[in-house]
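Everything below concerns the one structure shown next.
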Amino acid sequence: GCSGSTEPAGSEDASAQSSASAETVGSESSGAASAAGNYPRGNGDDTLKIGFACMDMSNTFHATVAKYFEQECANRGIECMVLDDKFDGTTATENCQLICDSDCDVYVSVMGFMVGDTLSDICKEAGVLAIGMDQPIPDFPFFGADNVTAGYSAGEALAEAAIEKWGENPTIDLYIGLESLAGAEINDARMHEGMLEGIRSKVEVPDEIYVQCDVTNNDSQVAMRWVEDTINAHPEAEHILIGGFVDDSGQGAEAVIEKLGYQDKALIGTVDGSTLAINNFKNPDTAWVCSAALLPEMYGYYMLETLEPYLKGETDELPDSWNVPPVVITKDDYEQVLTDSIIYDDYQVG
Amino acid sequence: MEDVKANRIKGKRFHMTSAWSTFFVWIVICAIMAVLSPYFLSVKNFLSIAQYSAITGALAVGMTIVIVGGGIDISVGSVVTLVGMVLAAIMPASGSVPLMIIAALAIGVACGLANGLLVTKLNIVPFVVTLGTMEIFKGLAFLTTRGVNTPFNNLDFAAIGRGYSFGQIPNSFIIMLCMIVVGAFLLKMTPFGKKIFAVGSNATASKLAGINIKKIKLSTYIICGICAAIAGLISTSQNSAGLTNSGDGAELNAIAGAVLGGASLAGGSGSMVGTLIGVLLLNTITNGLNLLGVSSYWQLVAQGAILVFAVIVDSFKHKS
Amino acid sequence: MKTKPLILNKKKFEFTSTHLLLIVFAIVFVVFTVMIPDKFFTGKNFMTIAKYSSVFGLIGIGMTFIIIGGEIDLSVAYIVGLSSMVMGTMLQTIDNVVLVAAAGILVGLVCGIFNGFVITKLRLPAFVVTIGTGQMFNGFAQLINNRPQIQFSNDLFREFSKINVFGVIPLPFIILLAVAVLTWFVLKYTVFGRCVYAVGSNKPASRLAGINAAKTNAFTFAISGFLCGIASFMVTSQNGSGIAAAASGAEMDAISAAVLGGASLAGGKGSIIGTLVGVFLLRIISNGMNLMNIETYWQMVLQGSLLIAAVIMDSVKNNKDD
Amino acid sequence: MSELLKLKGISKEFPGVKALQNVDLELNRGEVLALLGENGAGKSTLLKIISGVYLPDAGEIYVDGEKKNFKIPADAAAEGIGIIYQELSYYDELTVAENIFVGKLPKANRIKVDWKEMNRRAKEILARLNVQIDPRALVKTLSTAEKQLVEIAKALASDTKILIMDEPTSALNDAEVKSLIEQTRKLAGEGIGVIFISHRLEELFAVADRIQIMRDGKRIDSFSMKDATPEKLVQLMVGREIKDMYPKGEIKKGDVVLEVKHLKNKTLKDISFSVRAGEILGVFGLMGAGRTEMCKAIFGASKLQEGEILMHGKPVKIHSVEDAKKAKIAYLPNDRKKEGLILSQSVKENFASAVIDRYTKGKGFIVDKKRVDRNADKWIKKLNVSTPSGDTVVETLSGGNQQKVVVGKWLETSPDVIILNEPTRGIDVGAKVEIYKLIEELCQEGMAVVMVSSEQAEVLSLTDRAIVLCEGRLTGELCCDDYTQERLMEYAIGGGA
């Protein structure tokens, strides 16, 4: 198989990279508040209250994060307010204000890549601790998926699958990147620094064969059209790699590969690790071989494990950055890997 | 008398209809694409265009009927999403394809009925009604699976959107063509269709001619709901999953297709053949730009410009 | 023979949709106040609502002009986005805040004029044209940097939206009120304003009466574009970054607000006050539901239902007149 | 007398119609010129050329001896040409005062509209026309007749040298017509040149100095009104002699077909009457009397709060137009453009629109195109509709021919009773006579006819019996010796009963 989940080199590399970048963000602008743990710690009353601004509740990944986040808060007796940023900077700013107005102790948001400075300002003014989830909010700690690592390990796994299928040093004729340009920095980290570099660490992918497709809103239909049209425009391509920003793109790509009968000529790898990927892995014939699971179910757990003691004053140390460790799942190992990674009893694979 | 005769012949001179001017634009676009991309002019590629036109086409059939009747329905995209989510949710319990189809159609009828009743019984502007129901249906869709994409494995069901018949003709396209034919028959040949045109052109006069305008309008929304449900079926089947964003923006494509094909938002005009050409035009543009690997930002600009260009071409027929 | 003159129209209090809307508004307000008094009925919260209503208020006012003139504009959100990206990009290199703001507003104005020109000069259906131009503006917005958003660090520019007049009232809200008063005057008291109503009410007749209908409509698009430019300035300052989707969905919000406020998509009807109440109603509903921590999916259902409920009452009133 | 306006050799062609061929026209200062011609003769087209709506294909326009080239209506307005169009062009959502001054709103300073001044002046003008409408009222709340009055006020509002009125009286009652004529004469006395179109000859005799007759897009003749007699005018206009304007054959009346008892709703206050087979019942009243409302209520197009409707002695429940159609009631609306026709559709589609369900084959699912065509041909011939073909869009027909289409559409439903609401409004004499004949024929075939009219002469000559409404009440029923112009008016203003 193309197991990449335990590949040490890539993941360590990338996680080091990302924590470094988060640290830089922290230290470069927070001048006075440089020491770890020197963050606001809430308004002093007994009950803890977290304001969670979900990036987009109509998006499976973020809706899942929100659901388990709420659940984890409930388990720990923390009050939780969930708002929907609707993938919109303007709404995010307003929601941030609303959360600060509502006497929350912590504000959590993914929208840092769009309106980070402003979110930071609002929270500082209100004396509320902000956490940049997946995307840093300047002067505040970072928590979340490590997109570079996730993309990198998915890329490696995809390349390994290619080697297994087409032999040592396979010539890749076409690489289709199903990307979300609206995701800006996330997209860069996951798809370029991550996935593309990951693939290139094992096989050669020259720039000329890289077709970047913007799958706006991560729409499976749009992905289908891009893949089919691009393959039609490269009829000579025998070895095709397809990388997907999320599983929705993989779903569309897989549909086209099956339609064109290209199972021998194409391989798909994505980042997400959602039920869409798992469902496809159940079928041995699919071209979709791997997906880096970001474990949205575990976000709440990992965040609160570190955050709760700090808020409760049990510790004065709050790291500048901590992560959810991504894992790569493949046809062979997805069940095992996921059951190992997700601690909830009610969680069932697929 | 002689004058009258001469005039009569002149009166019959050829008038370019909207459908024709859109057809003309389509041909021009095809010619340009054919020059720019060697892969454009192939049966395979046109079949691909056909397949991906199916969803917009199915929606546009219903939309044309509603628009001809003087209404509009912008909730269709949400119906597509709703159908997808509900089907994906019940798929594990029931793998039967006919049951899926019945469930989808039932959702379509229910949504169309809701829109239609609000428009006719309570006399509310259709734009506002469907703006409201658009949110409601979408909310309901997300509530079914709490905003989570839900895949399924059902090869029989997948054949609806992905399979072929008669060699290489995509099933989804065949479904859409059937809908176009039925729609054209309905509009052109039946008393019902004549009444839709009458109601769309002048509701007061139609009412005083003894046409039950509420019934006619209600029917157009139900038909539109059914068409949206079929579009949802195709989309769900092509995706093999209920996806939260499968219907996003679909209503605008459907309206654009219908209007490019000659339907007037004021009601009382429009044709199925025109709509078919309008939908094909929209999808050919996307296909061509994809083949050329044009960046999506430029695609937005190009699609917008071509849309404006098409209406400009159409406006020349009014001037001449 | 002297006939008895007919007096059908005594000037009496007429219950208009604006009154109805005010009642709905009051009900919603009271409901939230009773249910979540400590969260909703606070000065802080009102100021938050006021501040974040301003952007949509301005867009709504522009849309009201266009709708009264019998047209529609589905590209407003993308005009705001394009202008926002232009400002965000300029701020990377230019420190002159006034220059950047002026450029942003100019972009809005130019987009509005472009829409107006294409629609009125070539006599094209506004609905399709603005879907098309909207896509174009959106494309251009993202092409500037090959990015859909760009953050900037000009503090002075960001400061603008934080200014509170008399220490409490957000400046954007003051601007909204000023624009509202000005546009109310324009619509009610200027020849141009009355021409907008005339053109929207009966376009062919206006042409016969020697009103330049095309120019009037074109002007409404320009006004809307200009207001979108100002809105974009406000939202860009608020967000601290240029965002192509800064006002995503604003066209629907603006149309809903205008229609709630009594505007008719057939043209000839609508008012600034109505639209503003509509804007605040929509904002307050979403604010209140957020504070009550209602799941966003239920919020969608409720918001759609409320929109319909508001117009149902209006139509029931109208039906009685039949 | 000096020449104010002169047209030379004007021609205009529409697709399929030569609307005007080499037409001349002269108008002097202080003169009222009547323009007379059958429906479709080209009168309105000629006026629209004068006011700059249409560009002529050929010909010249001189104002005060200077050659003019009107490209848009504003050009003509700048030369002091004011016009009331045949199609009312009002603004529903604006106030009465604004409607009157639209295009030239009085300003307080450079930008501000002076509402006070505008309302005051509007009130003045309306008072001159002897109407009391609140200038601040929205026009959408007015009745058709009131709207027409506002249109006339509009034309009087500006400083016009040349005033053109295309059928200004078609919605007015006699008193209003009279004051309009007075007003027109006064304006002429002030030196304004007036062109006045009407199909009512007695009005023309009262108002005009000179008359120009048109037929088939050509100028036939023009002479002083002193030399005119009704017979001469009619003959010139239709190109043949018309002897009996109103046919009055003796028809045997049958049983009561339609009977209504105690109709009540928001407008109607207890109305009862009956009509027999072969009888024409006149319905007279001033504007807003509730005649239209009564018709619509019987026809199921308006709600009834109380009341009973009987057909052939049996009560029928009518809640919708379909119910009325089933009960064999037909209704010809007074506003044919808004309520009678689907303007953008073809003649044959309009003929079929009330019976489309019957013109089917294949178990009722498919429209039988041949039958639709045959039906249209039948009615075009029978009613003598002048149209290039059944495929012509009905909008391009002249008023009279449009009216015939509406009549044909309803006759095809083979009703037992037909309610005609102002069937001859805005129709030329020739077409009028044809419609009268048709009504007569219908009676002979045993149909019962209810005819609403604002023309006293028409009611008196065509019917033996009439009911009169005033403010929604039935104020009287007239027949036999009572049946005079004076009594009609007396009841109409609420006197009498």
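Points worth noting:
Labels A, B, C and D are assigned to the chains in the order they are written; within every chain, residues are numbered from 1.
Going forward, contacts are C-beta pairs under 8 Å (C-beta built on N, C-alpha and C of every residue); 3 or more make two chains touch, one makes a residue touch a chain.
Since this is a predicted model, take the numbers as computed values, not measurements.
Contact with chain C and chain D alike is made by B. The chain with its C-alpha centre at the largest distance from the centre of chain C is D. Between the interfaces A-B and B-C, more contacting C-beta pairs are found at B-C. For the pair chain A and chain C, the distance between mean C-alpha positions equals 36 Å. One simple way to say how far apart two chains are is to compare their mean CA positions; for chain B and chain C this gives 29 Å. Taking each chain's centre as the average of its CA atoms, chain A and chain D sit 73 Å apart.
For chain B, residues that reach two or more other chains under the stated contact definition are 138, 142, 146-147, 295, 297.
Residues of chain A in contact with at least two other chains: 57, 181.
Looking at chain D, one finds that none of its residues touch two or more other chains.
Under the touch rule stated earlier, the contacting chain pairs are A-B, A-C, B-C, B-D, C-D. On the side of chain C, the complex with chain B involves touching residues 118, 122-125, 127-129, 131-140, 142-143, 146, 252, 255-256, 259, 264-265, 296-308, 311-312, 315-316, 318-319. Those residues of chain A that touch chain B in the complex are listed here as 57-60, 63-64, 67, 181, 211-214, 216-221, 224-226, 228-230, 232-233, 235, 247-248, 251-252, 255, 258-259, 274-276, 279-280, 282-283.
Note for the complex: chain B touches chain C at residues 118, 122-125, 127-129, 131-136, 138-140, 142-143, 146-147, 252, 255-256, 259-260, 264-265, 295, 297-308, 311-312, 315, 318.
Those residues of chain C that touch chain D in the shared complex are 1-11, 189-194, 197-198, 200-202, 204-212, 268-269, 322. Contact residues on chain A toward chain C in their complex (touch as defined above): 54, 57, 81-84, 86-90, 93-95, 97-98, 101-102, 113-118, 121, 181-182, 184.
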